[in-house]
Structure formats: C-alpha cells, structure tokens
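Across the two complexes that follow, subunit A remains constant while its partner is subunit B and subsequently subunit C.
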Partner chain A sequence: MNKIVALAGVVIKELYRRKDFYVLFVLTALLTVAAGMVNFFNDDKIIRIVKDVCLMLIWVSALIIAIVTTARQIPAEREARTLFPLLAKPVSRGQVLAGKFLGCWLATGVALVVFYFFFAIITGSREHIWPWAVYFQAMWLQWFMLAIVIAMVLLGSLYFAAPSSTSTISFILVVGMLGLGSHLNTLALQQPEPMQSLLAGIYFAMPHLEWFDLRDFVVYDQKLIAWPAFALATVYAVVWTGIFLLLAWFGFRRKNLST
Partner chain B sequence: MDPETTNVIEVKCLTVRYPKPGLKQVFVTAVNQLALAVHHGEVFGFLGPNGAGKTTTMNVLLGFVPPTSGTASLFGIDVRQPIARQRIGYLPELTYYYKFLTAEELLRFYAKIFGLSRAETDQRIAKLIKLVGLEHASKRPIKSYSKGMQQRVGLAQALINNPDLLILDEPTSGLDPLGRMKVREIIQRLKDEGKTVFFSSHELGEVEAICDRVAIVHEGQLKAVGTVAEISAGHANLERAFLEVVGYQSTCQP
Partner chain C sequence: MKTSPWIALVSLLALAFTVATSLSSRADIWSKRSKSNNFFGVIFGDGRKLFANQFFTMADVYFHSGYYPSIFDKNSAEQKEIISASHGAKETEEDEKKEDFLGQPKDWIDAFGRHFRLTEHVHLEQGNEREMLPWLRLAADLDPQKIETYTVGAFFLREHLGKTNEAEAFLREGFHNNPENSELLFELGRLYQDSADVTRARNVWELGVKKFLALDDAGKKENKLVFDQLAVNLGRLEDAAGNFDQAIKWLRAAQSVSPVPGELQIQIDAIQKKLAAPASVPATK
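Let's turn to the complex of A and B:
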C-alpha cells in the first residue's frame, strides 16, 4: 500500500505544480463569485439560477480536472520515459495503475471540497442557510461518479496513443452518458428491432453516471436522499470502478514496454 | 541460497520475438537462444553493435518485456516477479525523471517504493547527493538541471536502495570527460564494495579498463563470452577482437 500511496503522491504533486489546474480553479471561482453577486430585479428566486449555474461550473471543472489529469498519466510516463526507471524498481504494473488512480481521484476530491466549500459560502451568504448534509451527499456522490470516470479514462489511456485523443473521446463519452443515460430506455421503446434491443442492451450494460447527479436536490429540494440509497449508489460506483481498473490491469500487464 | 555462489544474473535459452510494426503476423527475432551467467561481485560488459539485442535483453531483465521462451532470473528469482528488482539499481541510457520534482523529492519517492525507513532515506539521500555532487541543486526542480546534472540524478536514483546489482545502459553516453570519469569512479567503488555491475557500452576502451568479463552479442545471439584477456587474445585490443567477432569488414580501400 505504501508504494501505491507514494505513486499517488507524485500525481498530486504534479497537479498542484501545474498552472492549468490553477487557471481552471480561478476561472470557476471567479465565475461563481460573479454569479453570486448578481441580483436581477431584486428577485429572491434568482438565487436558484445562480446555484444551478455554479453547480454546472463545478461539474464541468471537476470533469475536466479528472479527465485531463488521468488521460496524461500513463502516456506521459511512456513518452517522457519516466516509466522505465519506475518499473525497474520492485513495483508491479498493477500498483502503478492503482497509484495513478488513487492520485487522480484524491486530487479531484480535494478540488471538489474546495469548490463545494466556495459554493456553500457564496450561496449561504445570500440564503443564510447552510444545508451541509445535502452538500455532503452531492459532493460525495459526484466524487464517486468521478472514480468511475477516472478508472474508465485510465483504461482508455492504455490504448489511445495521445493524451489529447483520450481526453476528447472520454469527454464525449461521459457527456453522452450523463445526457442520454436516463433517456436511453425510453428511446429504445420507440425504436424498431433490432435497434430496440441494441439500445436497451446499452442502457443496461453502461454505468449510469446520471444517478450521481444531485444538483436538483441542492438547488430546489434541499432534502437528503435516503441513506440506504446513498450507500447503494456508493457501492455501485465502487463496482464499476473496480471493473474498469481490472480491465486496465489486464491490458497493462501484457503490454510490451520497450525502451 | 548462498548469495556468493548463486549467479546474480542467469539467462537460459532466452528468445524474444516482436511482431513487426504494422504486421501482426510477422515476427522479428530480437534475441535468439541467449544463455548468460553473471557472477557475484564482477563487472560485466555487455557488448554488441546497434540492433544486436542488448537493449532487448536488458528489457527482459528489468521486466519491461516478457521472454517469448527461455528464462531469466536475478538473484535466482524470475524477472517477472517485481521482488526480483528489490536489490537492483538501473540507470537508463537517456535519463528522464519527473521534471516537476526536486532531486531530493525524486530520491525520496524512489526510497518509498523500496520501502526504506524515513531515517534510512534521509541518510542515503544526503550521502548520494554528496556522492554525485548535487548539494547546491538538490532542492531545485529537475527541469532546471543541465544534461550532466540529470545524469547524476539518474546515478543517485540507481543507488538509492544500496543495490547489490547495478544495471547500466550506456552509462557514459552523452557525458563530458569529467562525467565519464565520475561514472567510472563510482563503478570502481561499487566493485570494491563487492557489488555486481552489468552494463552495456559502445566505449570499448572503457570496457577494457573496468570489466572483469565481457559478452559480445550479434544478431540476437551470443558470439563470445570471457575475460577481457580471453576475448582479446590474438588481437591488438578488445576493439579489434570485437570487430572480428561481429564480422566487420572494412570497405575502405588503402
């Protein structure tokens, strides 16, 4: 476990020493603050739109951080050839993957905590309520959804040569899953065979990232979701993350790595 | 198992085939039935022209490439087991390390991979930074280092676990005369400490000066193995012997 933690530490160090992370963070923070300051026509309900916009920014920023950071890990190690001195040490390829995953996931988690804290301060200062438990549930499930995304991107990064192509394809896939995931079964029923079976098959086979989206709860309801459902969603994320990491390990352990 | 009597490196009937780029069904044989044994405490030179199979053999020893057939072991442990690399240090030909880390952070990271304690890590880092002469730059990011300084970081990382076997791939390539001398001194020092050094090089003069034994590979096959004196016997020097073994014929007319 120490080796995995050491590898994760390098990923986190890389993230906070790169300028792009700060650019993204400052941009999100500025837009959040700006949105928080807006008060069109003194309408109290405008705060809901502000919250919606802020949460959307948090989702997009977190996805960018998770996907871009993960997509470059293994390809950059191969391109910069830092992978070879590393694998010449007593570390298995599985540990390298686990370390990369943990580093990216923890780094994204830290970014989420900062974003949500910022969001709570901005919205709380307007509404004078701080529903911390709702924020916790929203952030936790988003973080676990990002675990699935990170594991999926790590798998993709073993097969696509360039980090940019991995990032682009992953981003399209994730946006597709988030946008179409809940509608795919309805869409399937309207199609003739064999399209109906195909879409239904995809619906049941894909990870449902949209189930982790609690933005509407935060913006409108501010009610907690049932804790058993919350726990079940966490387990669902762990299982999908495990599947993607396992597939990545199968691919990586057989790869020829010539210096 | 007695470490003094066990071969540090043992390669038996090693064959490595790669699929030809773009043609999955056509294979290139990079190493063909190679057999090699490196004994405890010797400095072993691994020679051959470009494309002879030296790097592929090293890649197998380091676990980067699996053998197509045959076996390779380090200290009696199959190279496919990560634990086989617990007692080795590796210096690649071209040094590339995490440029956003400082030399000290890089060494600390590798020390953690080897599972060294904090006190031992601190002690080794201080010793190695001094050995490679990077005291003034150890807290600066590696991206600000010159090529020679990066090579010295490479040497320090290869020694972080106080290895019993050091595998060096062209350790002096691209170094200035002072850097070469430093590497030679370190190899000599390791030899005096009873460590085993396995290195590939095109610098035959250097090999002649520091190696106990050498092996010459050509077209994936072992062509000669023995002490420098044995290989050079009947030739002016090791270079002449090497050229004959690999079948070099001068095309220049007198």
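Let's turn to the complex of A and C:
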C-alpha cells in the first residue's frame, strides 16, 4: 500500500506543477464572476444562472483535468523511459496502475474541493445560505463518477496510440454517456432490429454516469437525495471503477513495454 | 539597400491607419452585421435566432425548477407553460397529470436513476420568478423579433415582481424592434391600465387596433385573437369611463372575431341598459 501511495504522491505533485488546473480555475472564476456581474432588469437577487454557469464550468474543468491527466500517465512514462527503472524496483505492474489511478483520483478530488469552495463562496455571498449537505452530495458523487472515468481512461491509455487520441475518445464516450445514458432504452424502442437489441444491450451494460450529476439539485435548491440511494450510487461507482481497473491490469501485466 | 525594421513598422502602421480611414465608411455598407447594436448580432449575425428558442425554453425549464421533458421524453413538443401562464391560464390537476412525462419506470435502471432526477412538478413562485429573467433577456437579444419573449417577460416583471418600469421598458424595446406589432401594444396598454393610467392605455390600445387594421387579410386572420383582446379591453375601459356608445362600438367590433360572441352580447345588453337609464357618471372623453 505504501508503494501505491508513494506513486500517487508523484502524480499529485505533477498536477500542481503543471498549469492545467490553475488555468481552468482562473477561467471558471472569471466566467462565473462575469456572469454574476451582468445586470438583468435591475434585479440583484438573480442567482440560478450564475450557479448553472459555475457548475457547468466545474464539470467541464474536472473532466478535462481527470481525462487529460490520466491519459498521459502510462504513455509519458514509456516515452521518457522512466517506466523501466520504476518496474525494476520492487513494484509490480498492478501497483503502478493502482498508484497512477489513486494519484489521478486524489488530485481530481483536491481540484474539486477548491472548485466547490469557490462555488459556495460565490453563491453564498448572494444567497446568504450554504446548503453544505447538498454541496457535499453533489461533489462526492461527481468525484466518484470521476473515479469511473479515470479508471476507464487508464484502460484506454494502454491501447490507444497517443494521449491525445485517448483523451478525445474518452471525452466523446463520457459526454455520450452523460447525455444519452438515461435515454438509450427509449431510443432503442424506436429502432428496427438488430439496432434495437444492440442499443438496449449497451443501455444495460454501460456505466450510468448521469446518476452522478446532481447539478439540478444544487441549482434549483432541491432537497437532499435519499442517503441509501446515495450510498448505493457510491457502491455502483466503486464496482465500475474496479471493473475498469481490473481490465486495465489484465492488459498491462502482459503488455510488451519495449515497443 | 538596408531599411531599419522600425521604419518599416512605422510605415506599415501609417499605411494601415490611412487605409482604415478610407475603408471604415464603406465597410459599414458591405456588412449589415456591423450595423447591429446588439452584441449577439455582431457575433452570430442572423444565426443567433437558432439559439433564441433554446434560451426561451430554458426560461420554461427554470419556471419548472428543472422538472422538464427532454427531447427524448413524451410531451416534449407541447406549448411552453410560461406562455400559458402569462396569458392567465391556471393549471388544473388534470393538466398536472398530463405533464407527468416520466410515467412509470421502464426498468430498474430507470427506477434507480430517478433518485438522481428532479421528479417533483413545481412552478417558481414568491418572487423566485426572477430566475427566469436572464434567459428571457438573452432570448430577446438573440431574436428581437420573437414577440412572446417580450410579452412573457413583461408579464412576470409586472405581475409577479412588481417591476412596472422594467416591464414597460422591455415592452417598449420589443415595440421598437417590431413597430407593427399590436400584441405588444396590447400588453403595454394592460400595464398602463394596471397603473391606473387610463388615457395612455386607451391611446396605446387604439394604436394597436390601427396596426391590426393595417394588416393584410392573412395577417388579420393570424392576429384575430389580439384584435379580440384589444377591442374587448377597450370596450370595458370605455364602459368604466362612462363612454357607453364607444364601449358598445368596441364590443360589437370584438364580436366579429370573438369565439364567444354570445357572452359579449350579454355585456352589450348590460351597457345598453345603463345607456337607457339616466346618466350618473360623467364621461371622460
């Protein structure tokens, strides 16, 4: 476990040395503050559009950080030839993968905490209420959704040729899952066979990332989601993360790294 | 021959400045886009209208606090409720049932997924209607010819938020962009009537009738309902002001287009009775 934590620490250091997070945070902050400063019909109590814009930017930024950071981990190690000395140490391939995953996930978690803290300050300064429990649920589920994404990207990075292609394909997949995930079954019913069975099969087999998006609950000041459902969603994310990590390990342990 | 790069740079800047002064007046003629005083007009040109409807829909989504059908759900193409609400429609229990677009869960994934979706049908109230305003403002900027944006926005500003001045300014902006539209004049008249400014309400509604009468046959057919509202409201206004002859004239005009001419006849009969009785209220016009 210590080896995995040490490897994760290196990934976290890499994130705060690179400028991706800072650029995305400044961009999010600027756009949110700009949205908050627009005057609509001389009403200074309007807040939902600011929340909407800020949360959308947080989601986009977190996805960019998670996908781009993860996609370059293994290929960069191979390209810089630092993977061989690393594996020459008493570290297994599985531990390398687990360390990379944990590092990316924790780094994304740190970024999310900063983003949500900023969100809470901005909205709280205008609304004068801080529904911390709703924010916690929204951030927690987003973080666990990112765990699935990071594990999936890690798997993809072992097979795709370059980090850029891994990132692009991952973005398309994640956006597709978030946008169409809950409607795929409805769409399937409107299709002729064999497309109907194919879409229905994908619907039941894919990870449902859309469950982890609680932005509407935050924007529209809705009550908390039931804690048992919240816990089940967390378990669901852990299971899917485990599936992707196992698949990645199956691929990585037999992969010829010298080519 | 060697030339200093600084001299070259200064020469190029001077040349660019000279050409710009010569071209700026002509460039305005080349592009209609540059004439727009609207930010979105400059950026998107006429393409901005494509987004306007989406932004108007977003106002409706906010009106429902996020409980809204997506393009994949049934009832997604129905008329937007903010339009009905702004025209005085009240929702019945039956309407609410009809809007339960989610229906029964189709499978366990759908059933579990509903924990993470908004499933309660609520409308904005108690001043929270203000949250829709940014989308209506943006929709108006994107498509200044979309009349509903102004009428719906002005309704919520006036009726729910008590912002009469902002509502008037928004309607006037709409009228500035659509000078031939009588629906905007009708809404403006309602606003003046609510502010007890009867004279301005009358003038604006009469202008609305003039605009309607100037339309061609197809336009008149399309705007029948607006004329009906204008004439009925003018009739009621004149009745309240004691101008009974005028009131009857307007109500008779409304009868020609109204879906309920019988009800208007009852109002006409009541006014005629008042006319036959000795006058007690002095006429204001």
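Everything below uses one rule, namely that the second predicted complex is superposed on the first by the 251 of 259 C-alpha atoms of A that agree within 3 Å, B and C clash if a C-alpha of one lies under 4 Å from a C-alpha of the other, contacts with A are read in each partner's own complex, and residues count from 1 in each chain.
Assume contacts are C-beta pairs under 8 Å (C-beta built on N, C-alpha and C of every residue); 3 or more make two chains touch, one makes a residue touch a chain.
Nothing here was measured: the structure is a model prediction, and the numbers come from that model.
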item: Which superposed partner A:Leu214 touches (first subunit B, second subunit C, both, neither); value: second
item: Contacts of A:Thr82 with subunit B and subunit C, given as first, second, both or neither; value: first
item: Partner chain(s) touched by A:His128 [first = subunit B, second = subunit C, both, neither]; value: neither
item: Partner chain in contact with A:Lys19 - subunit B first, subunit C second, else both or neither; value: neither
item: First, second, both or neither for A:Asn256, with subunit B first and subunit C second; value: first
item: Which partner, subunit B or subunit C, touches more subunit A residues; value: C
item: Those residues of subunit A which subunit B touches in one complex and subunit C touches in the other; value: none
item: Complex contact set, residues of subunit C against subunit A; value: 62, 65-66, 70, 72-73, 106-107, 109-110, 112-113, 115-118, 120, 127, 130-131, 133-135, 137, 157, 161, 163, 166, 170
item: In the complex, subunit A residues that touch subunit C; value: 38, 40-43, 45-49, 141, 182-183, 185-187, 203-204, 208, 210-214, 216-217, 219-222, 225-226, 229-230, 232-233
item: Footprint of subunit B on subunit A - complex, ascending; value: 2-3, 5-7, 9-10, 13-14, 17-18, 80-82, 84-92, 95, 256-259
item: Residue ranges of subunit B touching subunit A (in the complex, touch as defined); value: 18, 55-56, 58-59, 62-66, 82-86, 88, 90, 92-94, 96-101, 105, 109-110, 112-115, 154, 157-158, 161, 167, 169
